[in-house]
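Here come two complexes built around subunit A, the first alongside subunit B, the second alongside subunit C.
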Partner chain A sequence: MKRFPNQIIRLIIPFVIIIAGLLIAKKFLVPASFGKLGHFRADALGEAMSKPIHYVGQQACADCHDEIVKKKAASYHKGVACEVCHGPGSAHVDSPTENKPPAPRDRGFCPVCHSYNPSRPTGFPQIVTVTHNPGKACISCHNAHDPVPPHAPEQCGACHGDIARTKMASPHVDVPCTVCHETPTEHRMNPRMYVPTIPANREFCGKCHAKDAQSAKEIPRIDMGTHGERYVCWECHYPHLPQVYNGAAK
Partner chain B sequence: MESLNERLMSALQQVSGYIYPNEIELHWSLLIVIYPFITGLVAGAFILASLEKVFNVKELTPTYRFALLTALSFLFVAPLPLLAHLGHPLRSYEIFFTPNLSSAMAAFGFVYAWYLMAVLLLEVWFEFRKDLILWAREERGLIKWIHRALALFSTDVSEEAVRFDEKAAKIITVIGIPSAFLLHGYVGFIFGSIKANPWWSSVLIPIVFLASAIVSGIALVLILYTIVTLLRSEKIDMKCLDRLVEFLFYAVIIDFSLEVLDFIHRLYQSEDSIKILSQMVCNKLFVSLVIMQVLLGTVLPAIFLVFFRYSRFPEELRRLAYFISALLIEMGIFCTRWNVVIGGQLFSKSFRGLTVFKVEITGFEGILMSLALLALPFIILFVVLKILPPWRISSLPVDKN
Partner chain C sequence: MKISENLSRREFMTRILDFAKKALIALPFVSGFGAVKAFTGGAFLKTAEAKELVAYDPSQHLYAMGVYIDRCIGCGMCARACKKENNVPQEPFYFRTWVERYQILKEDKTIVDSPNGGIDGFPETTNKADVLRSFFVPKLCNQCKNPPCVQVCPVGATYKTKDGVILIDDKYCIGCRYCIQACPYGARYLNPVTKTADKCTFCYHRVVKGMKPACVEVCPTQARVFGDLKSESSPMVRLERMNKIRVLKPDLNTEPKVYYVDLDGEVS
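Moving on, here comes the complex of A and B:
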């Protein structure tokens, strides 16, 4: 019979040692409950569940404060859970009189959501904290459980500050917002239910910018028949800063 | 050290167009450029070695063992950029002990282990076993014991045993070629299979990666062979070098054609991402892609290689031209990896804006760390060459049966 090569035997020994070592190490290093429920350590679930609970959820608040919860549920803050502002409530649920949950009474907390930031959605109530009633606590004018402005905003810039500031640097500075946007009076108190219009056709801008328009001489003119094909003007020109050409629409 | 905020603000000034907030900073940086670069060198050097063993290209014999040891030294370092990038190296064993079969990235441990343990180490062992035994017989002291231990204390250098070694090395090389393809094709697959990223998502990417791996491997062996032979004050085998250059040229042509094919394919398909990708190539990647990768890293060295290979210039000048071309090619391949990894993260998934990549000097992902990781394989190769000198021939004869 042909002799089994000596090299193979010598190689098999370290390979067997390595594989056996790995198998033994695997036994010690892989947690016993690994893979029982999925690609993770099943015991981790129990450990996570045994951790003390801090947040109790809105239903626990509603058990005692049902009127406030009902009021909030009908308001703009219906999507904001109680514990977002009042902090974790488990200690308060356990002993309601000893542990009173805090309420944000300074000016630092509400601006986390309501300070002016251009990335927030249009129409989302935003203020510039340094100019908006400086020194006054938010809750002295606004009820956080039913937040509405104490009075209707007087100018569009109160909510649309970014647009107002941009327009100030543009040739359209003297054109009031309502020339282009027909705005229902209800928009001031209920901005999302009553939305202002935007110009829907080319002829609207043509009232000032067409060749035959009855407007001041210095206003730029274009030939409505040939300029801009079928696009509505604001698809290329940003009306709040019309000197900027919106190249993306080209 | 500048704060995260300062870093974001300075990056924000160079962002153009519209990008999502989590796209300002790149998540895969310099270390992830180095990872495919090093793996490519391993696969390329091994495929070069296989040319001699399997395809009997006899002129390449002087580089066969050298290429094997180069591949081995670089393979040791291949996972380190990943470990440094991920942090938590002490958890790395979990990739083997709790394998996640649905994750392509988690498969790296097995692809790597197979290539290291079942291909390279075995082939090097069979290739050097006879020599290790014969060297140990004429040596004393520590090195004798190192060589004996590396030979796993085998002593059989009969003709039959040596024949078996040769046969085994050949079989392993045959298995090794698809393994090398698997190793680097896998790295390409990781990028190519990300369908949300139009710069990466292409079935051609694994093949382009493979071709560029072969290019970089051959160029690396050419560079190292030239340097090491000169340092040893030996004469460079010009026939071998010429043959290397021929293979390098073929590989460059195949690699370049595939890249151009990929490029034309993208242009012709003209998907909705094409505008932002062409903006990126013309602006942010212009230097690293058009100038460094294509012109300096591919076209110029390819012209150099052909011109000097078939010219009648003196050997010294040809060697110098080959060496410079190989260096340029190596730089070009590094830029290829850079353009794939960094380029894929420079444009916004909104297809409307581009961000910027700022390289750090210190830190885990910085230049110093990258240079250290790139230098490490050369240090390992130096040690390996001391222990397993591929050019050393024992004066003792093989035992007769």
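Moving on, here comes the complex of A and C:
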């Protein structure tokens, strides 16, 4: 048998050593589970799955506190999970007597959601904290598990302050809200179940502003037949501040 | 192998060869040991939860989140809960999820801010009369179908699971920050404690057990919705069917799995 030339053997030897060294190093350096499920350490998936849970979910609360959960489920706060206000509950579930979850009782917490912020969606109940019973704790009037107004608000501005302040500076200042919005008395205690009406057509504004309307002399008049006949009035005039709208009254 | 000064070249090569021979013989044993380690390593869970998780099949799920912009009140409960659930540092620079306020002014200008991620509320910064419209946009990792962050990771420490979630292996991450640079949504940060990259995982440890992510759990107005796109009864399927939805930066072809309902064109 013919042997390999000497120079080839001398080359092969270091190659074999290097390759074997790399293979051994790879065995030690690359984690065992790397590449089993893709270009990553498969064990990491299990580690990610088994991280500890802090927020246990409302069902865990209902297991013991079913009365409060039931009460809340029928209230305006039905969408607000227990842990929103009381914080993560895992420690409390593990040892109920030793770890009591906090209950925010001061004035600082409720305004996180309910203080007035112009960026918040219209219709979300908001108060101006500096004028809304300053110094009083929210829970002295409102039950957080079933929040309703403590007594029927006497004026619309108690809740719709933004509109009330706008109307204050407009020619409609003396027009009571109920002239345009027929408001069932229940609306004051149950605002979303009983919704006030809104005017439906041009003729409603025409009752005061049409040429032949039976109203005070100083009220501006328009000819209902020629003045913007294809539109309803509030497309150009904001009824709570009718004069200053940019596009109107050219 | 002891190397003395008066070692001849022949003897040196012989010894090297001898070592290589032994190493080659040892190789199958070493790899066999590795296989055993991998097998036992597979039994990573020793708790009662282990059985449930073994039954969990990631290929049967595809997770996604939906956000109703019109419902978000900017209370920041999601950002708070996320920090508590996932041990995110409390300093105001590290977020897995945060809330941005958009204020579009009458003079053709948009102000976007997120003081402490929205956790401490949004103080008024502009005159209300100058604002045309304003709203909140919760943000988080978009769990892209084509994730740029996974592509750039040099060591394979960030990866996509079969159920569509992008995760980070914090034991394998070398903290090079490539992925933080690559993310077009700014969703990643470098954890100052572990010195590894970190981001939203859709609360993977919760969703594999059938729970909602912490931010969805605490959202008081149900602005955030979470679900499985492969399940017909999922709230996400309903959200996709009933609404006009948009994703962030669709032109990048990352194909995010966070869907926004009624998102303003100004948001990017």
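The criterion applied here is as follows: the second predicted complex is superposed on the first by the 194 of 250 C-alpha atoms of A that agree within 3 Å, B and C clash if a C-alpha of one lies under 4 Å from a C-alpha of the other, contacts with A are read in each partner's own complex, and residues count from 1 in each chain.
The definition used in the following text is that contacts are C-beta pairs under 8 Å (C-beta built on N, C-alpha and C of every residue); 3 or more make two chains touch, one makes a residue touch a chain.
The structure displayed is predicted, hence computed values, not measured ones.
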Contacts of A:V16 with subunit B and subunit C, given as first, second, both or neither: second
Greater residue coverage of subunit A in the superposed arrangement, subunit B or subunit C: C
Touching partner for A:H39 - first (subunit B), second (subunit C), both, neither: both
Subunit B versus subunit C as contact partner of A:E83, first or second or both or neither: second
Touching partner for A:P121 - first (subunit B), second (subunit C), both, neither: second
First, second, both or neither for A:G157, with subunit B first and subunit C second: neither
Touched partner set for A:P104, first subunit B, second subunit C, both or neither: neither
Which of subunit B and subunit C A:C113 touches, first, second, both or neither: second
Residues of subunit A at both interfaces, subunit B in one complex, subunit C in the other: 13, 34, 39, 119
Complex interface listing, subunit A residues touching subunit C: 13, 16-17, 20-21, 23-24, 27-28, 31-34, 36-41, 43-55, 57, 77, 79-81, 83-84, 87-88, 112-113, 115, 117-121, 124
Complex interface listing, subunit C residues touching subunit A: 13, 16-17, 20, 23-24, 26-27, 30-31, 34-35, 37-38, 41-42, 44-45, 47, 49, 53, 56, 70-77, 81, 84-86, 101-103, 121-122, 124, 128, 131, 134-136, 156-162, 167, 169, 171-172, 201, 204-206, 208-209, 211-212, 214, 217-218, 220-222
In the complex with subunit B, residue positions of subunit A that touch it: 5-7, 10-11, 13-15, 22, 25-26, 29-30, 34-35, 39, 119, 248
Complex interface listing, subunit B residues touching subunit A: 21, 93-94, 96-98, 100, 117, 122, 125-126, 129, 152-154, 156, 161, 164-165, 168, 352
